[in-house]
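First chain A sits with chain B, and in the next complex the same chain sits with chain C.
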Partner chain A sequence: MSNEYKLIGKDFVPPDITGKVTGKAKYAEDFRADGMVFARMYTSPMAHGKVTSINTEQAEAMEGVVGILTAEDVPEVTAPDAAILTNTPAYIGDPILAIAAETEQICEDAMATIEVEIEPLPFVTDPLDSLVDGGPNARTEGNAYARSREGSGFQTIKWSQQQVDDFRAGKEPTGDFVSEWSYGDLDNSFAEAELVIEEPFVTIGYAHMSMEPRTAMAYWQNGTCYVHGSSQSQSYFMPGLARMLGVETKDVVLISENTGGGFGSKIGAYPIAALPGYFSKKIGRPVQLRVTREQEYYMGSARVGFQGWIKMGFGADGKITASDVFIIEDIGPNATGGDASSAGGAISMVYDPSAMRFRGLPVLTNTTPRGAQRGPGQNQIAAVMAPIMDKAAKVLGIDRVEIRKINSTNNDTIVYADRRPVTSAYMDEALQQGADMFDWQNRKNQPKKKGKKVRGLGVGQGYHSAGATGFDGLVRLTPDGKLHIHSGVGNLGTYSFASTSRAAAEVLKCDWERCEIHRGNTENHLPWSSYQAGSVTIFSHTRTNYVAAMDALDKMKRIAAQTMGGEPGDYDIDGQRVFLIEDPAQGMSYGAIAARAIQLGGDYSGAVYPDDIHEITQRAVQNIAGSGLIGVAKDNLHQEGVIPGLAVAFCEIELDLETGKYDILDYVGIAECGTVIHPKGLAQQMKGGAVWGMGMAGLERHVYDPQNGLPANIGYHQCGIPTYLDVPSVTKTDAVNIADPQNPFGARGIGEPAMGCSVAALQSAISDALDGHIFGRTPISPDMVVNHVMGRDQSFLPLQTNNF
Partner chain B sequence: MASFDVMPEVQLFQPAELDDALKLADELGSDGWLLGGGQDTYGWLKDRAKQPRAMIDLNGIEALQGIRKTDDGMEIGAATILRDIIRNEDINRDYSLLSQAASRVASPQIRNVGTLGGNLSQDTRCWYYRRGLDCYRAGGNICYADGPQSMNREHAVIGASRCVAVSPSDTATALLALDATMVAENTEGQRVLAAEDFFVGPNTHITQMTALKPGEILSAIRIPKKWASQRFYWEKVADRDVWDFALVSIAVSMAMDGNKIADSRFVCGGVACTPHRLTNVEQAVRGRTLSNESADAVAPLASEGCKPLNYNHFKLPLMENLVRRAMRG
Partner chain C sequence: MNPQLSRRRFIKAVIASSVAAASTSGINQAAAQGNRPRGSVERLISININGQTRRVDVAPQETLAYTLRYKLGLTGTKIGCNRGECGACTVLINGVTNYSCSTLTHSVRTRTVRTVEGLQAPDGTLHPVQQAFIDELSPQCGFCTPGQVMSAVALLEETPQPTREEARQALSGNLCRCGAYDHYLNGVMRASGQNS
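Right, the complex of A and B next:
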């Protein structure tokens, strides 16, 4: 595509903005259906157990109570998968039953009468407590769960007390693990290193904290289940939801116009989304299950926690020769995670060691189920790595930005165990742009200490793969001259469903005011689209909308040639017209082209469509066939190598040595995501990611009482999310803005690294303020700083997790 | 385990006169719930962890509102919102310790509706207790926060007795350091309690944070002239700059005789079940000047007698550091 874009790279007002600022936007909880009843859940008060009896007699006798749903009413699943309802709860808050009633108040009154007896089973909240010989297992089937292409399953892995003690003492782990990958000659690479740094580390998991709990409402009509749900993705959510409901995808309608946050916890269908469907079928009335804030914290997913050890080798020139990392990941009760290997991949991408080994051990705990959270693995390791890079720079006498530039990802970098190329990468340019914008050289020469306060400068890097391929695009030109862009991308709040839709308008040179986006409801005839997660949307759906628009363009020219004579190549488009290049006065309006497409039928009108598009797209095309000119295609564009989303951040803090508190004085974030598609959208991603990273670096963490498995964080207040008074009033952002060759517009994604660079920069700044001290722990709270400055031991055991 | 978040059936009285409120409070006794700004009300009630029969809304009672000068200082109606205290010129001029403390309560939004009386009377934030567990404070016979592996970073380091929860109020420390008195009224009349007697620890009454009896209403807070326009120091250390309760806070009033301290009040928040007066520090600073030397000399006294739990020993150096900062001048 040309660099002279009309829409790409320009700001616009996404169509969902008005509803959000006026309060008219509707979320799952806002919908009602005739005869609808309310449902609420009774969840496990025990961290692990077996339900031996349930007494609902009193509740069922109450006026207004309509029904009870238990594990017997929903499909049984095999551990460690999460069930819709269970009789073997594996964490506090695991759903056991639901009650439906005419009002929410009756529901709650009935809930108070429920009696459930549970036989307690062993439980554990810290992976190391399970791993040690004789420690409890989170599941009766074992304490670890390995997932691999070769097969998945439970394992019971135990380390001796000595092995655990040595690990806590910062020594290389010697116990068993379940996964490993490597490349290069690790031993030789370490042997050649001028400097070797070994550090243990902990990153504590924490909740996703979606503002909209995973409420859902469902009802059945003629065998179709209508679900008003809370979902990050739209089309991608469908197959899983249908599977959970026990029906075919075609028999489910998902309405999810707006989503109040998911952050990785609502990418694909989750069991609770299917509960109202089962309940509705059982009682024959629409059911809205409203999940309380407390319950959202129990079951709403959380970031995987790490307990690990890393060894890094550096040459005298600062080049990383080798990296050896071992990560125990807290995968909760449902064995969901995979963050650890992604963390290893991020080391390979961002720091480009000549040789590398990753070893992983996923351990089950009876804590909140885990799931992908913005930069799953990449962002934890970004926090770990930043102070280590700083330490190496200090020992080797290299500037801290410079050592990162020496190891920076570029177009020639080969990554991961299978040594893949990247589509393009400009980390060096991002670092330089950030350093210039932050005035790094000048700032680092400023005095550091002022009384009991000390300045700290930080630099951090973030990464996540940023694109997927093979999804479908669908556009429609109607006789009124409008371009309809059908998007199956969810609406997580990033506006990327809208900014990627502009790719189709750009190709077709269509005025944005004459475009309409169809989304948010299966019945709006939506194509098969990617998950709205993993930083993929921008890359993936500028491509799908490109191929769909190109298909439409081809058809428009063919229709013009067929109608006015000549060859399709004789025609071009502009001003909402297809015209003869030799005589622009001769042409057809888009409306006329659309009307002609309907007359001609076949692939013009959607009566015929490509056979490689997904069944969801096929149904969408079938439903709109004959209503205009249809552009539909699967993204079969060339793609090879890893598509990196990269970001860097710089920050300055002032840390009070007597209170352990710090103020973030300044923050600069630079995105390296190819061509900027939507500047304001990108700036919001970078700013939102920065705030989230600040929360991860210093505030947010799970706390569990190991004596009873009780979580302390079940509300916004206790979870410590940063407020606007905890972050800089201004965060500056910009982008490198160099096009990627594997996207028609040059774009890549950025969502997750926008946060990773922030948590890394803040960890780096705190370490800098404390003369290079490495806590090896995320988050770093004021008490830790006070203890360190005063030369006191920390309250927790080394490598302890899910604690204060 | 049920999860509740719908406001349950509860009667609401909205008296316009204090006498009517007192009669209601008398009739309802422990079944009544005094409603100020509601910031420590609706959570309890929606969670069904507290189940009063009726709420008595105090916000419509004029006698409980306002900030007045008196012969001996100031009187603040208990239903006065924190924002009005922060903005009051007289308080800012003479008792800035209180306005500073009030300005660090929770968040701007909460300060816009939260009342001084509510801030002083609020219940502890012990997370175990707030979960509705059957602990000592809830009438049970165990303290979940004081177990061998309990998560008690925010709990008491001194003055605990079975219960290790702390007083969460920011304004309480300031008012103690100002020798404020609390006016408690019931249908039989009123009694005036010293701030130090108003806040009670678990050794006095394990299920209450204040000396208010069922049927009593905190009607006003009086601040004597004694500390007007004296030297003050206030600081609160919390994880976040907004919303969070103090890990440790300090409120200090100092009467200076030349450059020496003639009299003082040092009160720590977040360390005990009541605002904790550092009487040993007060004695030690008498006659001292404000200086680094004085600061270093008296700071270690701040944590004398403290017995930290598993996760809160950082509070000891923090208490010492805050005293140090107050003494530097």
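Right, the complex of A and C next:
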């Protein structure tokens, strides 16, 4: 595509934003249906157990109670997968039954009469407590669960007390693990190293805390289940939801116009999204289920926690020769993780060691279910790595930015265990741009200490793969001359459903005012689109909209040639017209072309469509066939190698040595995500990601009471969500803005690296303020700083989780 | 905005909400028993909302957020926590920001309530705060936005030309998990006619 874009790279007013500022935007709970009743859940008061009896007699007799749903009414699932309702709860908050009633108050009154007997089973809240010989297992089937292409399954893995003690003491783990990958000659690479650094680390898991409590409302009409849900993704959510409901995808309609945050917790269908569907089928009335804020902490989801050890080898020139990392990941009760291997991949991508080994051990706990959370794995390891890079720079006498540049990802970098190329990468340029914008050279020469306050400068790097392929695009030109862009991308607040739709308008040189986006409801005839997660949308759906628009363009020229003579290649487009290149006065308006497409039928009008498009797209095309000129295609564009989203951040903090608290004085974030598609949207992601990184670095954590398995912090402020007063009033961002060759517009995604660079920069700055001390832990709380300054032991064991 | 009054109300609301937080019923009970009028309660009451008098049947323990959303259809006011933490339910009562999830509807009978639905002019023109939030691409997911809008409106009515720091303090009772704080502050400054 040309660099002279009319829409790409320009700001615009997204169509959904007015509804957000006026309150007219509807979220799942804002919908009502005739005859609707409310559902509430009885959830497990025990961290692990077996339900032996349930007595609902009194509840069922209460006026206003409409029905009871138990595990017998929903599909049984095999452990450790999450059930909609269960008789073997594996954490406090695991749903056991639900009550439907005319009001939520009646639900609660009825709930108080329910008698449930549960036989307690052993439970555990810290992976190391399960791993040690004689420690409890979170599931009766075992304490570890490996998911792999070769086969998944439970394992029981135990380490001796000495092995656990040595691990806590920072020594290389010698106990069993379940997964491993490597490349290069690790031993030789360490032998060649001038400097070897070994560090233990722990990153505490914490809740997603989306502002909108999860809600789903469902009813059935003629065999179709209508679900008003809280979902990050739109089309991608549906196959999983249909599976959970026990129906075919064609028999589900998902309405999800707006979602109040997801951050990885609502990518695909989750069990309670299907609960109202079952309940509605059972009682014959629409059912709405809304979880409370407290329940969000019990049963919502959380970031995977890490307990690990890393060894890094550096040459005298600062080049990383080798990396050896061992990660125990807390995968909660449902074995949802995979963060650890992703963290290993991120080391390979961002620091490019000549040789590397990853070993992983996913351990089950009876805590809140874990799930992907913004940069799952990549962002935990970004926090771990930053102070280690700083330490190496200090020992080797290299500038801290320079050592990162020496190891920076570029177009020739080969990554991961299978040594894949990257589509493009400009980490060096990002670091330089950030250093210039932040004035790194001058700032690092400023005095550090002023009384009890000490300044710290930080630099951090973030990464996440940022693109996926194989999804579909669908556009439609109608006789009124409008371009309709059908998007199955979800809406969780990035506006990428709109910014990627502009790719189609760009190709067709269509005025944005004459474009309409159809989204947010299956019945709006939406194509198969990617998950709205993993930083993929910008890359993936500029491509799908490009191929759909190119298909439309081809058809428009063919229609013009058929109607006015000549060959399709004789025609071009502009000004909402298809015209003869040799005589631009001869042409047809877009409206006339669309009308002609309807007359011609066949592939022009959607009566015929490519056979490689997804069944969801096929149904969408079938439903709009004959209403205009249809452009539809699967993204089969060339793609090879890893698509990186990269970001760097610089920050300055002022740390009070007496209180352990710090203020973030300045922050600069630089995105390296190819061509900038939507400048304000990018800035917003970079700044929002920065806030997330600041939360992870110093504030956010889950704490479980190990004696009872109870979550101890079940409120926003207890969990440390960043507020206006925890973050700088102004954060500065920019982008490298160099096109990626594997996207028609040069774009890649950025949402997750935007956070990773921030948490890394903060950890780096705190370490810098404390003369290079490495806590090896997120979050770093004020008491930890004070203990360190005073030379006291910390108030928790090394690598311990659930600390206050 | 009167910060002292706001603070006092806020503390009272938090005390009331702690009762709700302790209960699992969540949805509509914010009332401490001591606040409940003695004897029979007049349930059909009039409330001045967005300049209109609305007649509504209100239970003694009902919160304003509940009444607005589920009885008057004003779903722009969001319930994020229902315990006085997040500010998504912020409305103006006599011009002062309040968490409507922690305010009893009966307590506003003699006062005026403004919600996000009451900001647009009759011809549909957006309030300057709403327009500025669009211009600065302030919202992300948008769930907290109505509350942010109301806090910004209250601030600018009391302090038409606030400093950025004053805006930061004034909006600090409104959480945003997307982390759009910077863009919201840009919006407040733009709405006040100042450079962000």
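Criterion: the second predicted complex is superposed on the first by the 804 of 804 C-alpha atoms of A that agree within 3 Å, B and C clash if a C-alpha of one lies under 4 Å from a C-alpha of the other, contacts with A are read in each partner's own complex, and residues count from 1 in each chain.
Note that a contact is a pair of C-beta atoms (placed from the backbone, for glycine too) under 8 Å apart; a residue touches a chain by one contact, two chains touch by 3 or more.
Owing to the predicted nature of the structure, the values given are computational and were not obtained by experimental measurement.
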**Request:** For A:F804, decide between first (touching chain B), second (touching chain C), both and neither.
**Result:** first
**Message:** Applying the document's definition of touch, where does A:S781 land relative to chain B and chain C: first, second, both, or neither?
**Reply:** first
**Message:** Once chain A of both complexes is superposed, is A:H717 in touch with chain B (first), chain C (second), both, or neither?
**Reply:** both
**Request:** Please indicate which partner A:M790 is in contact with in the superposed arrangement: first for chain B, second for chain C, both, or neither.
**Result:** first
**Message:** For A:A100, using the defined touch cut-off, is the partner it touches chain B, chain C, both, or neither? Pick first, second, both or neither.
**Reply:** neither
**Request:** Have a look at where A:G689 lands relative to chain B and chain C in the superposition and call it first, second, both or neither.
**Result:** second
**Message:** Looking at A:D705 after the superposition, I want to know if it touches chain B, chain C, both of them or none. Which is it: first, second, both, neither?
**Reply:** first
**Prompt:** Should A:E658 be classified as contacting the first partner (chain B), the second (chain C), both, or neither?
**Reply:** first
**Prompt:** Is A:S729 touching the first partner chain B, the second partner chain C, both, or neither of them?
**Reply:** second
**Message:** Using the superposition on chain A as set up above, list the residues of chain A that contact both chain B and chain C.
**Reply:** 104-105, 108, 111, 292-294, 717, 722-723, 725
**Complete:** In the complex, chain B touches chain A at residues 1-6, 8-9, 48, 107, 127-128, 131, 144, 147-153, 235, 237, 239-244, 247, 310-314, 317-318, 321-322, 324-325
**Asked** Okay, in this complex, where on chain A does chain C touch?
**Response** 11, 13-14, 16-27, 29-30, 104-105, 108, 111, 209-213, 258-263, 292-294, 492-495, 680-681, 683-684, 687-692, 715-717, 721-725, 727-731
**Message:** Give the list of chain C residues in touch with chain A in this complex.
**Reply:** 21, 24-29, 74-83, 85-86, 88, 115-117, 119-120, 126, 129-130, 133-134, 136-146, 149, 164-165, 168-169, 171-172, 174-183, 185
**Item:** List of chain A residues in touch with chain B within their complex
**Value:** 40-45, 92-93, 104-105, 108, 111-112, 114, 292-295, 658-661, 698-699, 703-708, 710, 712, 714, 717-718, 720, 722-723, 725-726, 781-784, 786-787, 790, 792, 795-796, 803-804
